[in-house]
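The chains carry the letters A, B, C and D, assigned in the order they are written, with residues numbered from 1 in each.
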Amino acid sequence: MSDLLSLSVLILMFSLLLGLLRILYGPGAGDRMLAAQLIGTAGVGILLLLSLILDQRSLIDVALILALLAAVAAAAFTGQRQIRHD
Amino acid sequence: MNTASLIVFDGLLLISIVSLAWAALATTDARRSVILFMAFGLLLAVAWARLLAPDVALAEAAIGAGLSGALLLAATNDHSRQPATAQTETTRTEPDRRVGMAIQWTVTLLCAALAVALAWALAYAFDSTAKDTLARAVSAHLDVSGVSNPVTAVLLNFRAYDTLLELAVLLTAVLGIFALGPARADYQEAGPIFDGLTHWLVPVLILMAGYLLWVGAHAPGGAFQAGATLAAAGIVLRLAGRHHFGLPAGSTLRITLAVGVGMFLLVGLALLAVGRPFLGYPTAWAGILILLIESAAMLAIAATLVSAFVGGRPNPIAINTGEKP
Amino acid sequence: MLTTQWLYALSGCVLIALGLRSALLHRSLLQRVLAINVMGSGVFMLLIAIAYRGPTLSPDPVPHALVLTGIVVAVSATALALALARRLSTERNDE
Amino acid sequence: MTDILSSLLIVAGLFFFLAGSIGLLRFPDLYSRLHALTKADNLGLGLLIAGLAIHAQDLFTALKLLLIWLAVLAASATSAHLIARHARRQETGP
(Lines give C-alpha, C1' and ligand atoms only; values in the text may rest on other atoms or scores of the structure.)
Protein backbone atom coordinates (compact mmCIF):
# COMPACT_ATOMS: atom_id res chain seq x y z
CA MET A 1 0.00 0.00 0.00
CA SER A 2 2.73 2.49 0.89
CA ASP A 3 4.49 1.73 -2.40
CA LEU A 4 1.28 2.51 -4.24
CA LEU A 5 0.97 5.80 -2.36
CA SER A 6 4.52 6.94 -3.14
CA LEU A 7 4.09 5.97 -6.78
CA SER A 8 0.77 7.84 -6.87
CA VAL A 9 2.32 10.99 -5.51
CA LEU A 10 4.95 10.83 -8.26
CA ILE A 11 2.29 10.38 -10.94
CA LEU A 12 0.36 13.36 -9.57
CA MET A 13 3.57 15.39 -9.59
CA PHE A 14 4.06 14.41 -13.24
CA SER A 15 0.52 15.51 -14.02
CA LEU A 16 1.27 18.79 -12.27
CA LEU A 17 4.39 19.20 -14.43
CA LEU A 18 2.24 18.86 -17.55
CA GLY A 19 0.07 21.67 -16.20
CA LEU A 20 3.26 23.62 -15.59
CA LEU A 21 4.10 23.47 -19.30
CA ARG A 22 0.72 24.99 -20.12
CA ILE A 23 1.12 27.73 -17.53
CA LEU A 24 4.58 28.56 -18.92
CA TYR A 25 3.62 28.55 -22.61
CA GLY A 26 0.12 30.06 -22.32
CA PRO A 27 -0.65 31.47 -24.86
CA GLY A 28 -3.54 33.46 -23.37
CA ALA A 29 -4.02 34.62 -19.80
CA GLY A 30 -7.15 32.42 -19.62
CA ASP A 31 -5.10 29.34 -20.52
CA ARG A 32 -2.62 30.15 -17.77
CA MET A 33 -5.43 30.63 -15.29
CA LEU A 34 -6.85 27.22 -16.23
CA ALA A 35 -3.46 25.63 -15.80
CA ALA A 36 -3.18 27.29 -12.39
CA GLN A 37 -6.49 25.63 -11.48
CA LEU A 38 -5.12 22.25 -12.54
CA ILE A 39 -1.99 22.82 -10.46
CA GLY A 40 -4.26 23.66 -7.53
CA THR A 41 -6.29 20.46 -7.86
CA ALA A 42 -3.14 18.38 -8.27
CA GLY A 43 -1.71 20.15 -5.23
CA VAL A 44 -4.78 19.16 -3.21
CA GLY A 45 -4.33 15.54 -4.30
CA ILE A 46 -0.61 15.60 -3.47
CA LEU A 47 -1.29 17.04 0.00
CA LEU A 48 -3.86 14.32 0.73
CA LEU A 49 -1.43 11.59 -0.32
CA LEU A 50 1.42 13.20 1.64
CA SER A 51 -0.78 13.27 4.73
CA LEU A 52 -0.87 9.46 4.60
CA ILE A 53 2.75 8.95 3.50
CA LEU A 54 4.21 11.29 6.13
CA ASP A 55 1.54 10.44 8.72
CA GLN A 56 0.52 14.08 9.19
CA ARG A 57 -3.23 14.36 9.61
CA SER A 58 -3.18 18.16 9.65
CA LEU A 59 -2.19 18.23 5.97
CA ILE A 60 -5.87 17.46 5.26
CA ASP A 61 -6.65 20.92 6.68
CA VAL A 62 -4.07 22.45 4.33
CA ALA A 63 -5.74 20.69 1.40
CA LEU A 64 -9.13 21.94 2.59
CA ILE A 65 -7.91 25.55 2.67
CA LEU A 66 -6.48 25.21 -0.84
CA ALA A 67 -9.75 23.71 -2.07
CA LEU A 68 -11.87 26.44 -0.47
CA LEU A 69 -9.73 29.23 -1.95
CA ALA A 70 -9.46 27.68 -5.42
CA ALA A 71 -12.21 29.89 -6.84
CA VAL A 72 -10.92 33.13 -5.31
CA ALA A 73 -8.10 33.56 -7.84
CA ALA A 74 -10.39 33.02 -10.82
CA ALA A 75 -12.88 35.51 -9.41
CA ALA A 76 -10.14 38.09 -8.84
CA PHE A 77 -8.84 37.41 -12.34
CA THR A 78 -12.19 37.97 -14.07
CA GLY A 79 -13.86 40.44 -11.70
CA GLN A 80 -14.88 43.76 -13.24
CA ARG A 81 -14.95 46.95 -11.27
CA GLN A 82 -17.73 49.50 -11.15
CA ILE A 83 -17.12 52.69 -13.06
CA ARG A 84 -16.82 55.56 -10.62
CA HIS A 85 -18.99 58.62 -11.10
CA ASP A 86 -16.87 61.05 -9.13
CA MET B 1 11.78 2.51 -2.23
CA ASN B 2 9.83 5.01 -0.23
CA THR B 3 12.75 7.36 0.50
CA ALA B 4 14.06 7.13 -3.06
CA SER B 5 10.72 8.08 -4.56
CA LEU B 6 10.37 10.92 -2.05
CA ILE B 7 13.72 12.31 -3.19
CA VAL B 8 12.55 12.16 -6.81
CA PHE B 9 9.40 13.96 -5.67
CA ASP B 10 11.50 16.63 -3.93
CA GLY B 11 13.55 17.13 -7.07
CA LEU B 12 10.51 17.55 -9.32
CA LEU B 13 8.80 19.87 -6.84
CA LEU B 14 11.87 22.08 -6.49
CA ILE B 15 12.43 22.23 -10.26
CA SER B 16 8.81 23.37 -10.61
CA ILE B 17 9.16 25.97 -7.87
CA VAL B 18 12.38 27.46 -9.21
CA SER B 19 11.19 27.50 -12.82
CA LEU B 20 7.90 29.16 -11.83
CA ALA B 21 9.82 31.83 -9.91
CA TRP B 22 12.16 32.35 -12.84
CA ALA B 23 9.30 32.57 -15.35
CA ALA B 24 7.30 34.93 -13.11
CA LEU B 25 10.26 37.29 -12.92
CA ALA B 26 11.38 36.96 -16.54
CA THR B 27 8.19 38.14 -18.23
CA THR B 28 7.25 41.81 -18.58
CA ASP B 29 3.50 41.12 -18.73
CA ALA B 30 2.18 41.92 -15.23
CA ARG B 31 -0.88 39.66 -15.29
CA ARG B 32 1.16 36.73 -16.53
CA SER B 33 3.76 37.10 -13.82
CA VAL B 34 1.06 37.34 -11.13
CA ILE B 35 -0.59 34.09 -12.31
CA LEU B 36 2.80 32.38 -12.30
CA PHE B 37 3.50 33.80 -8.84
CA MET B 38 0.21 32.36 -7.54
CA ALA B 39 1.15 28.91 -8.78
CA PHE B 40 4.55 29.43 -7.13
CA GLY B 41 2.82 30.13 -3.79
CA LEU B 42 0.70 27.02 -4.16
CA LEU B 43 3.73 24.80 -4.68
CA LEU B 44 5.46 26.45 -1.72
CA ALA B 45 2.54 25.29 0.44
CA VAL B 46 3.18 21.73 -0.80
CA ALA B 47 6.90 22.14 -0.02
CA TRP B 48 6.21 23.29 3.56
CA ALA B 49 3.87 20.32 3.99
CA ARG B 50 6.59 18.02 2.71
CA LEU B 51 9.10 19.43 5.22
CA LEU B 52 6.70 18.68 8.12
CA ALA B 53 5.80 22.33 8.67
CA PRO B 54 1.98 22.10 8.56
CA ASP B 55 1.51 25.35 10.48
CA VAL B 56 3.45 27.22 7.82
CA ALA B 57 1.75 25.27 5.03
CA LEU B 58 -1.67 26.36 6.33
CA ALA B 59 -0.64 30.02 6.29
CA GLU B 60 0.96 29.71 2.86
CA ALA B 61 -2.13 27.96 1.44
CA ALA B 62 -4.38 30.76 2.65
CA ILE B 63 -2.05 33.69 1.92
CA GLY B 64 0.45 32.66 -0.74
CA ALA B 65 -1.94 30.69 -2.90
CA GLY B 66 -5.09 32.71 -2.23
CA LEU B 67 -4.97 36.19 -0.75
CA SER B 68 -1.78 37.62 -2.20
CA GLY B 69 -2.85 36.42 -5.66
CA ALA B 70 -6.15 38.30 -5.31
CA LEU B 71 -4.27 41.34 -3.99
CA LEU B 72 -1.77 41.37 -6.87
CA LEU B 73 -4.44 40.72 -9.53
CA ALA B 74 -6.40 43.68 -8.16
CA ALA B 75 -3.23 45.77 -8.51
CA THR B 76 -2.66 44.68 -12.12
CA ASN B 77 -6.28 45.58 -12.89
CA ASP B 78 -5.77 49.16 -11.87
CA HIS B 79 -2.61 49.38 -13.93
CA SER B 80 -4.26 48.03 -17.06
CA ARG B 81 -6.92 50.73 -16.85
CA GLN B 82 -4.23 53.36 -17.32
CA PRO B 83 -2.52 52.63 -20.61
CA ALA B 84 -0.18 55.60 -20.13
CA THR B 85 2.10 53.64 -17.78
CA ALA B 86 3.32 51.29 -20.53
CA GLN B 87 6.97 52.17 -20.68
CA THR B 88 8.12 52.81 -24.19
CA GLU B 89 11.52 51.24 -24.66
CA THR B 90 13.35 54.08 -26.37
CA THR B 91 15.82 53.14 -29.04
CA ARG B 92 19.15 53.23 -27.31
CA THR B 93 22.48 53.97 -28.83
CA GLU B 94 25.06 51.23 -29.12
CA PRO B 95 27.37 52.33 -26.23
CA ASP B 96 24.32 52.73 -23.93
CA ARG B 97 23.23 49.23 -24.67
CA ARG B 98 26.71 47.93 -23.99
CA VAL B 99 26.73 49.63 -20.58
CA GLY B 100 23.29 48.15 -19.89
CA MET B 101 24.52 44.66 -20.75
CA ALA B 102 27.59 45.13 -18.57
CA ILE B 103 25.41 46.16 -15.62
CA GLN B 104 23.09 43.19 -16.17
CA TRP B 105 25.96 40.74 -16.24
CA THR B 106 27.63 42.26 -13.19
CA VAL B 107 24.42 42.06 -11.17
CA THR B 108 23.77 38.50 -12.33
CA LEU B 109 27.28 37.39 -11.39
CA LEU B 110 27.12 39.10 -8.00
CA CYS B 111 23.78 37.43 -7.24
CA ALA B 112 25.16 34.05 -8.27
CA ALA B 113 28.16 34.69 -6.00
CA LEU B 114 25.74 35.48 -3.17
CA ALA B 115 23.95 32.15 -3.71
CA VAL B 116 27.28 30.29 -3.60
CA ALA B 117 28.37 32.15 -0.48
CA LEU B 118 25.07 31.30 1.23
CA ALA B 119 25.43 27.64 0.32
CA TRP B 120 28.98 27.62 1.68
CA ALA B 121 27.86 29.29 4.90
CA LEU B 122 25.13 26.67 5.24
CA ALA B 123 27.55 23.78 4.77
CA TYR B 124 29.78 25.32 7.40
CA ALA B 125 26.91 25.92 9.83
CA PHE B 126 25.46 22.45 9.36
CA ASP B 127 28.80 20.79 10.01
CA SER B 128 30.21 22.73 12.90
CA THR B 129 27.89 22.89 15.90
CA ALA B 130 25.41 20.89 17.85
CA LYS B 131 22.21 22.80 17.20
CA ASP B 132 18.77 22.04 18.65
CA THR B 133 19.32 24.04 21.84
CA LEU B 134 16.25 26.19 21.12
CA ALA B 135 14.15 23.21 20.04
CA ARG B 136 15.09 21.42 23.24
CA ALA B 137 14.25 24.45 25.34
CA VAL B 138 10.83 24.64 23.69
CA SER B 139 9.99 21.00 24.27
CA ALA B 140 11.26 21.18 27.89
CA HIS B 141 8.90 24.05 28.72
CA LEU B 142 5.95 23.03 26.56
CA ASP B 143 3.89 21.74 29.49
CA VAL B 144 3.92 25.12 31.27
CA SER B 145 3.03 27.08 28.11
CA GLY B 146 -0.72 26.48 28.25
CA VAL B 147 -0.82 24.91 24.79
CA SER B 148 0.58 21.72 23.30
CA ASN B 149 1.31 22.92 19.76
CA PRO B 150 4.97 24.02 19.98
CA VAL B 151 4.63 26.66 17.24
CA THR B 152 1.72 28.32 19.04
CA ALA B 153 3.71 28.11 22.28
CA VAL B 154 6.62 29.96 20.68
CA LEU B 155 4.41 32.60 19.08
CA LEU B 156 2.05 33.37 21.94
CA ASN B 157 4.05 32.50 25.02
CA PHE B 158 7.85 32.16 24.75
CA ARG B 159 8.22 34.89 22.13
CA ALA B 160 4.99 36.79 22.75
CA TYR B 161 6.86 40.12 22.54
CA ASP B 162 7.74 39.39 18.90
CA THR B 163 4.16 38.61 18.04
CA LEU B 164 2.95 41.79 19.74
CA LEU B 165 5.43 43.79 17.66
CA GLU B 166 4.39 41.93 14.55
CA LEU B 167 0.77 42.91 15.08
CA ALA B 168 1.99 46.49 15.50
CA VAL B 169 3.76 46.17 12.13
CA LEU B 170 0.51 45.00 10.51
CA LEU B 171 -1.33 47.94 12.05
CA THR B 172 1.30 50.35 10.75
CA ALA B 173 1.08 48.87 7.26
CA VAL B 174 -2.69 49.27 7.13
CA LEU B 175 -2.46 52.84 8.43
CA GLY B 176 0.05 53.53 5.67
CA ILE B 177 -2.35 52.09 3.09
CA PHE B 178 -5.19 54.25 4.44
CA ALA B 179 -2.94 57.32 4.35
CA LEU B 180 -2.01 56.80 0.69
CA GLY B 181 -5.45 57.33 -0.76
CA PRO B 182 -9.02 56.16 -1.17
CA ALA B 183 -10.03 52.57 -1.87
CA ARG B 184 -10.23 51.18 -5.38
CA ALA B 185 -13.64 51.12 -7.08
CA ASP B 186 -15.89 48.31 -5.87
CA TYR B 187 -16.44 45.19 -7.93
CA GLN B 188 -19.60 44.84 -10.01
CA GLU B 189 -22.21 42.49 -8.64
CA ALA B 190 -21.31 38.94 -9.55
CA GLY B 191 -23.42 36.77 -11.82
CA PRO B 192 -25.66 34.06 -10.36
CA ILE B 193 -23.04 31.32 -10.43
CA PHE B 194 -20.34 33.04 -8.38
CA ASP B 195 -23.05 34.52 -6.17
CA GLY B 196 -24.37 31.01 -5.54
CA LEU B 197 -20.86 29.88 -4.58
CA THR B 198 -20.47 32.70 -2.06
CA HIS B 199 -23.70 31.67 -0.33
CA TRP B 200 -22.10 28.55 1.07
CA LEU B 201 -18.40 29.37 0.71
CA VAL B 202 -18.47 32.36 3.08
CA PRO B 203 -20.10 30.47 6.00
CA VAL B 204 -17.74 27.52 5.48
CA LEU B 205 -14.70 29.84 5.50
CA ILE B 206 -15.90 31.50 8.72
CA LEU B 207 -16.45 28.09 10.30
CA MET B 208 -13.00 26.97 9.14
CA ALA B 209 -11.43 30.10 10.69
CA GLY B 210 -13.06 29.27 14.01
CA TYR B 211 -11.89 25.67 13.76
CA LEU B 212 -8.29 26.70 13.03
CA LEU B 213 -8.29 29.15 15.94
CA TRP B 214 -9.55 26.51 18.34
CA VAL B 215 -7.39 23.65 17.07
CA GLY B 216 -4.23 25.83 17.17
CA ALA B 217 -3.77 25.11 20.86
CA HIS B 218 -2.95 21.45 20.30
CA ALA B 219 -2.51 20.93 16.54
CA PRO B 220 -1.39 22.97 13.53
CA GLY B 221 -3.45 26.14 13.29
CA GLY B 222 -3.70 29.39 15.22
CA ALA B 223 -4.48 33.08 14.96
CA PHE B 224 -2.54 33.76 11.75
CA GLN B 225 -4.04 30.93 9.75
CA ALA B 226 -7.51 31.64 11.16
CA GLY B 227 -7.16 35.36 10.42
CA ALA B 228 -6.12 34.67 6.83
CA THR B 229 -9.07 32.30 6.36
CA LEU B 230 -11.50 34.82 7.80
CA ALA B 231 -10.00 37.47 5.50
CA ALA B 232 -10.65 35.15 2.56
CA ALA B 233 -14.35 35.19 3.48
CA GLY B 234 -14.32 38.99 3.41
CA ILE B 235 -12.48 39.08 0.09
CA VAL B 236 -14.93 36.63 -1.48
CA LEU B 237 -17.79 38.94 -0.44
CA ARG B 238 -16.00 41.94 -1.93
CA LEU B 239 -15.27 40.07 -5.17
CA ALA B 240 -18.96 39.20 -5.42
CA GLY B 241 -19.71 42.93 -5.42
CA ARG B 242 -21.20 43.01 -1.92
CA HIS B 243 -19.27 46.04 -0.86
CA HIS B 244 -21.33 46.72 2.26
CA PHE B 245 -20.19 43.42 3.72
CA GLY B 246 -16.90 41.74 4.38
CA LEU B 247 -15.50 44.58 6.44
CA PRO B 248 -17.01 46.54 9.31
CA ALA B 249 -17.50 50.24 8.64
CA GLY B 250 -16.39 53.47 10.27
CA SER B 251 -15.13 53.39 13.82
CA THR B 252 -15.91 49.66 14.19
CA LEU B 253 -13.33 49.02 11.48
CA ARG B 254 -10.73 51.13 13.26
CA ILE B 255 -11.37 49.37 16.55
CA THR B 256 -11.16 45.95 14.86
CA LEU B 257 -7.85 46.83 13.25
CA ALA B 258 -6.39 47.81 16.62
CA VAL B 259 -7.97 45.08 18.75
CA GLY B 260 -5.06 42.63 18.32
CA VAL B 261 -2.44 45.01 19.68
CA GLY B 262 -4.96 46.31 22.22
CA MET B 263 -5.80 42.92 23.69
CA PHE B 264 -2.13 41.98 23.85
CA LEU B 265 -1.29 45.18 25.76
CA LEU B 266 -4.32 44.82 28.00
CA VAL B 267 -3.34 41.29 29.03
CA GLY B 268 0.30 42.34 29.49
CA LEU B 269 -0.59 45.33 31.66
CA ALA B 270 -3.14 43.34 33.69
CA LEU B 271 -0.42 40.80 34.44
CA LEU B 272 1.91 43.64 35.48
CA ALA B 273 -0.83 44.93 37.80
CA VAL B 274 -1.07 41.61 39.62
CA GLY B 275 2.69 41.50 40.00
CA ARG B 276 3.70 39.17 37.19
CA PRO B 277 6.17 40.06 34.43
CA PHE B 278 4.73 41.68 31.27
CA LEU B 279 3.09 38.83 29.28
CA GLY B 280 4.40 36.26 31.79
CA TYR B 281 1.24 34.19 32.12
CA PRO B 282 0.64 32.05 35.21
CA THR B 283 0.57 28.43 34.05
CA ALA B 284 -3.02 27.81 35.13
CA TRP B 285 -4.26 30.81 33.14
CA ALA B 286 -1.94 30.54 30.13
CA GLY B 287 -4.33 28.55 27.93
CA ILE B 288 -7.30 30.86 28.34
CA LEU B 289 -5.21 34.05 28.04
CA ILE B 290 -3.59 32.78 24.85
CA LEU B 291 -7.02 31.97 23.39
CA LEU B 292 -8.24 35.46 24.31
CA ILE B 293 -5.27 37.14 22.63
CA GLU B 294 -5.51 34.85 19.62
CA SER B 295 -9.21 35.60 19.08
CA ALA B 296 -8.49 39.33 19.09
CA ALA B 297 -5.45 38.85 16.85
CA MET B 298 -7.52 36.80 14.40
CA LEU B 299 -10.06 39.62 14.01
CA ALA B 300 -7.31 42.23 13.61
CA ILE B 301 -5.38 40.18 11.06
CA ALA B 302 -8.53 39.47 9.04
CA ALA B 303 -9.55 43.15 9.02
CA THR B 304 -6.00 44.14 8.06
CA LEU B 305 -5.83 41.75 5.14
CA VAL B 306 -9.27 42.71 3.78
CA SER B 307 -8.35 46.40 4.10
CA ALA B 308 -5.13 45.67 2.23
CA PHE B 309 -7.16 44.03 -0.53
CA VAL B 310 -9.57 46.99 -0.70
CA GLY B 311 -6.40 49.03 -1.17
CA GLY B 312 -7.04 52.32 0.60
CA ARG B 313 -9.20 54.37 2.90
CA PRO B 314 -12.71 52.88 2.75
CA ASN B 315 -15.04 54.87 0.58
CA PRO B 316 -17.13 57.17 2.85
CA ILE B 317 -20.11 57.13 0.47
CA ALA B 318 -20.36 53.38 0.72
CA ILE B 319 -20.36 53.62 4.51
CA ASN B 320 -23.25 56.08 4.72
CA THR B 321 -25.57 54.35 2.27
CA GLY B 322 -24.73 50.89 3.52
CA GLU B 323 -27.19 49.03 5.69
CA LYS B 324 -25.73 47.60 8.84
CA PRO B 325 -24.62 44.06 8.04
CA MET C 1 23.05 16.46 7.06
CA LEU C 2 20.19 15.02 5.03
CA THR C 3 19.83 15.01 1.24
CA THR C 4 16.33 16.47 1.53
CA GLN C 5 17.62 19.30 3.68
CA TRP C 6 20.34 20.11 1.15
CA LEU C 7 17.95 20.02 -1.82
CA TYR C 8 15.58 22.50 -0.21
CA ALA C 9 18.31 24.72 1.27
CA LEU C 10 20.10 25.03 -2.09
CA SER C 11 16.82 25.85 -3.83
CA GLY C 12 16.30 28.53 -1.19
CA CYS C 13 19.69 30.04 -2.11
CA VAL C 14 18.76 29.98 -5.81
CA LEU C 15 15.43 31.73 -5.08
CA ILE C 16 17.20 34.42 -3.06
CA ALA C 17 19.66 35.10 -5.89
CA LEU C 18 16.91 35.09 -8.55
CA GLY C 19 14.77 37.49 -6.54
CA LEU C 20 17.64 39.84 -5.75
CA ARG C 21 18.72 39.99 -9.39
CA SER C 22 15.22 40.87 -10.60
CA ALA C 23 14.65 43.37 -7.79
CA LEU C 24 17.79 45.20 -8.92
CA LEU C 25 17.25 44.99 -12.68
CA HIS C 26 13.49 45.28 -13.24
CA ARG C 27 11.83 48.56 -14.19
CA SER C 28 8.21 47.85 -13.32
CA LEU C 29 7.34 48.40 -9.67
CA LEU C 30 4.91 45.48 -9.54
CA GLN C 31 7.64 43.15 -10.69
CA ARG C 32 10.11 44.49 -8.19
CA VAL C 33 7.55 43.75 -5.48
CA LEU C 34 7.18 40.21 -6.83
CA ALA C 35 10.96 39.83 -6.93
CA ILE C 36 11.29 40.82 -3.28
CA ASN C 37 8.55 38.32 -2.44
CA VAL C 38 10.45 35.56 -4.24
CA MET C 39 13.56 36.52 -2.28
CA GLY C 40 11.55 36.31 0.94
CA SER C 41 10.28 32.87 -0.02
CA GLY C 42 13.87 31.80 -0.56
CA VAL C 43 14.73 32.89 2.98
CA PHE C 44 11.67 31.01 4.29
CA MET C 45 12.79 27.90 2.44
CA LEU C 46 16.26 28.13 4.01
CA LEU C 47 14.75 28.43 7.48
CA ILE C 48 12.29 25.57 7.01
CA ALA C 49 15.05 23.38 5.56
CA ILE C 50 17.24 24.12 8.58
CA ALA C 51 14.34 23.21 10.90
CA TYR C 52 13.82 19.83 9.19
CA ARG C 53 15.17 16.80 11.09
CA GLY C 54 14.27 13.92 8.84
CA PRO C 55 11.06 11.93 8.58
CA THR C 56 10.96 10.51 12.10
CA LEU C 57 12.03 13.40 14.36
CA SER C 58 9.73 16.36 14.82
CA PRO C 59 11.21 19.55 13.35
CA ASP C 60 12.43 22.61 15.25
CA PRO C 61 9.36 24.81 15.97
CA VAL C 62 11.26 28.11 16.34
CA PRO C 63 12.04 28.66 12.62
CA HIS C 64 8.46 27.61 11.84
CA ALA C 65 7.15 30.38 14.09
CA LEU C 66 9.54 32.86 12.44
CA VAL C 67 8.40 31.92 8.94
CA LEU C 68 4.73 31.98 9.93
CA THR C 69 4.95 35.59 11.09
CA GLY C 70 7.20 36.34 8.12
CA ILE C 71 4.51 35.27 5.65
CA VAL C 72 1.91 37.54 7.24
CA VAL C 73 4.31 40.50 7.44
CA ALA C 74 5.37 39.91 3.81
CA VAL C 75 1.80 40.06 2.54
CA SER C 76 1.03 43.28 4.43
CA ALA C 77 4.29 44.87 3.27
CA THR C 78 3.38 43.83 -0.28
CA ALA C 79 -0.01 45.51 0.09
CA LEU C 80 1.66 48.68 1.36
CA ALA C 81 4.13 48.65 -1.54
CA LEU C 82 1.29 48.21 -4.03
CA ALA C 83 -0.61 51.12 -2.47
CA LEU C 84 2.55 53.24 -2.79
CA ALA C 85 2.94 52.22 -6.44
CA ARG C 86 -0.68 53.11 -7.14
CA ARG C 87 -0.31 56.53 -5.54
CA LEU C 88 2.88 57.09 -7.52
CA SER C 89 1.19 56.29 -10.82
CA THR C 90 -1.79 58.59 -10.09
CA GLU C 91 0.62 61.41 -9.20
CA ARG C 92 2.43 60.89 -12.49
CA ASN C 93 -0.81 60.88 -14.46
CA ASP C 94 -1.91 64.15 -12.87
CA GLU C 95 1.20 65.98 -14.00
CA MET D 1 -10.29 -6.38 0.58
CA THR D 2 -10.62 -2.69 1.44
CA ASP D 3 -6.99 -2.25 0.39
CA ILE D 4 -7.73 -3.62 -3.08
CA LEU D 5 -10.83 -1.45 -3.45
CA SER D 6 -9.00 1.66 -2.33
CA SER D 7 -6.04 0.91 -4.62
CA LEU D 8 -8.39 0.50 -7.57
CA LEU D 9 -10.10 3.81 -6.80
CA ILE D 10 -6.75 5.61 -6.45
CA VAL D 11 -5.42 4.18 -9.72
CA ALA D 12 -8.63 5.14 -11.53
CA GLY D 13 -8.36 8.64 -10.07
CA LEU D 14 -4.75 8.98 -11.25
CA PHE D 15 -5.81 7.90 -14.74
CA PHE D 16 -8.34 10.75 -14.92
CA PHE D 17 -5.80 13.21 -13.53
CA LEU D 18 -3.33 12.30 -16.27
CA ALA D 19 -6.04 12.36 -18.93
CA GLY D 20 -7.06 15.82 -17.76
CA SER D 21 -3.58 17.28 -17.86
CA ILE D 22 -2.80 15.71 -21.22
CA GLY D 23 -6.06 17.22 -22.49
CA LEU D 24 -5.03 20.59 -21.10
CA LEU D 25 -1.75 20.29 -22.96
CA ARG D 26 -2.96 18.82 -26.25
CA PHE D 27 -6.39 20.36 -26.94
CA PRO D 28 -6.33 23.17 -29.50
CA ASP D 29 -8.14 26.08 -27.84
CA LEU D 30 -9.25 27.47 -24.49
CA TYR D 31 -12.82 26.16 -24.59
CA SER D 32 -11.91 22.55 -25.30
CA ARG D 33 -9.18 22.79 -22.65
CA LEU D 34 -11.82 23.94 -20.17
CA HIS D 35 -13.80 20.84 -20.98
CA ALA D 36 -10.84 18.49 -20.58
CA LEU D 37 -9.81 20.01 -17.30
CA THR D 38 -13.10 20.37 -15.45
CA LYS D 39 -14.47 16.97 -16.35
CA ALA D 40 -11.47 14.74 -15.94
CA ASP D 41 -9.72 16.58 -13.16
CA ASN D 42 -12.64 16.58 -10.75
CA LEU D 43 -13.51 13.00 -11.46
CA GLY D 44 -9.85 12.23 -10.83
CA LEU D 45 -9.79 13.98 -7.47
CA GLY D 46 -13.20 12.46 -6.57
CA LEU D 47 -11.99 8.91 -7.13
CA LEU D 48 -8.71 9.63 -5.33
CA ILE D 49 -10.61 11.00 -2.35
CA ALA D 50 -12.96 8.04 -2.35
CA GLY D 51 -9.94 5.76 -2.28
CA LEU D 52 -8.36 7.70 0.59
CA ALA D 53 -11.62 8.01 2.56
CA ILE D 54 -11.63 4.23 2.98
CA HIS D 55 -8.47 4.65 5.05
CA ALA D 56 -9.85 7.53 7.12
CA GLN D 57 -9.41 6.89 10.83
CA ASP D 58 -12.65 8.54 11.89
CA LEU D 59 -15.86 10.00 10.55
CA PHE D 60 -14.68 13.59 10.97
CA THR D 61 -11.72 13.01 8.65
CA ALA D 62 -13.95 11.30 6.09
CA LEU D 63 -16.36 14.26 6.21
CA LYS D 64 -13.46 16.68 5.73
CA LEU D 65 -12.34 14.70 2.68
CA LEU D 66 -15.88 14.86 1.29
CA LEU D 67 -15.95 18.63 1.90
CA ILE D 68 -12.65 19.02 0.02
CA TRP D 69 -14.10 17.24 -2.97
CA LEU D 70 -17.30 19.30 -2.92
CA ALA D 71 -15.28 22.52 -2.59
CA VAL D 72 -13.02 21.64 -5.54
CA LEU D 73 -16.05 20.63 -7.60
CA ALA D 74 -17.83 23.92 -6.94
CA ALA D 75 -14.67 25.99 -7.35
CA SER D 76 -13.75 24.37 -10.64
CA ALA D 77 -17.27 24.70 -12.08
CA THR D 78 -17.37 28.35 -11.02
CA SER D 79 -13.93 29.25 -12.29
CA ALA D 80 -14.47 27.42 -15.59
CA HIS D 81 -17.60 29.52 -16.05
CA LEU D 82 -15.83 32.74 -15.08
CA ILE D 83 -12.80 32.10 -17.30
CA ALA D 84 -14.97 31.14 -20.30
CA ARG D 85 -17.13 34.24 -19.90
CA HIS D 86 -14.04 36.40 -19.52
CA ALA D 87 -12.49 34.95 -22.68
CA ARG D 88 -15.74 35.49 -24.56
CA ARG D 89 -15.88 39.13 -23.43
CA GLN D 90 -12.32 39.67 -24.60
CA GLU D 91 -13.22 38.26 -28.02
CA THR D 92 -16.43 40.19 -28.58
CA GLY D 93 -15.32 43.36 -26.82
CA PRO D 94 -17.00 44.82 -23.74
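FYI, contacts are C-beta pairs under 8 Å (C-beta built on N, C-alpha and C of every residue); 3 or more make two chains touch, one makes a residue touch a chain.
Nothing here was measured: the structure is a model prediction, and the numbers come from that model.
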Touch-connected components when chain B is not counted: A, D | C
Chain pair bearing the highest count of C-beta contacts: B-C
Euclidean distance of C-alpha centroids - chain B vs chain C, Å: 11
Mean-CA-position distance for chain D and chain B (Å): 27
Computed distance of Cα centres, chain D from chain C, in Å: 30
Between chain A and chain C, centroid-to-centroid distance (C-alpha), Å: 20
Multi-chain contact residues (two or more partners), chain B: 6, 52, 67, 194, 197, 201, 204
For chain A, residues that touch 2 or more chains besides their own: 14, 16, 33, 35, 54, 61, 64, 68, 71, 73, 75, 77
Chain D: positions in contact with at least two other chains: 67, 71, 74-75, 78, 82, 85
Touching pairs - complete list by chain label: A-B, A-D, B-C, B-D
Chain A-touching residues of chain B, taken from the complex the two chains share: 1-2, 5-6, 8-9, 12-13, 16, 19-20, 23, 31-32, 35-36, 38-39, 42-43, 45-46, 49-50, 52, 54, 57-58, 61-62, 65-67, 69-70, 73-74, 77, 184-188, 190, 194, 197, 201, 204-205, 208, 212, 215, 219-221, 225, 229, 232, 235-236, 239-241
Contacting residues of chain D [partner chain A, same complex]: 3, 7, 10-11, 13-14, 17-18, 20-22, 24-25, 30, 33-34, 37, 41-42, 44-45, 48-49, 52, 55, 57, 61, 64-65, 67-69, 71-72, 74-76, 78-80, 82-83, 85-87, 90
Partner chain B, residues of chain C touching it in the complex: 1, 3-5, 7-11, 13-22, 24-28, 30-31, 34-35, 37-38, 41, 44-46, 48-52, 55, 58-62, 64-65, 67-69, 71-73, 75-80, 82-87, 89-90, 92-93
For the chain A and chain D complex, residues of the former touching the latter: 1, 4-5, 8, 11-12, 14-16, 18-19, 21-22, 28, 30-31, 33-35, 37-38, 41-42, 44-45, 48-49, 52, 57, 60-61, 63-64, 67-68, 70-71, 73-75, 77-78
Residues of chain B touching chain D in the complex: 191, 193-194, 197, 200-201, 204
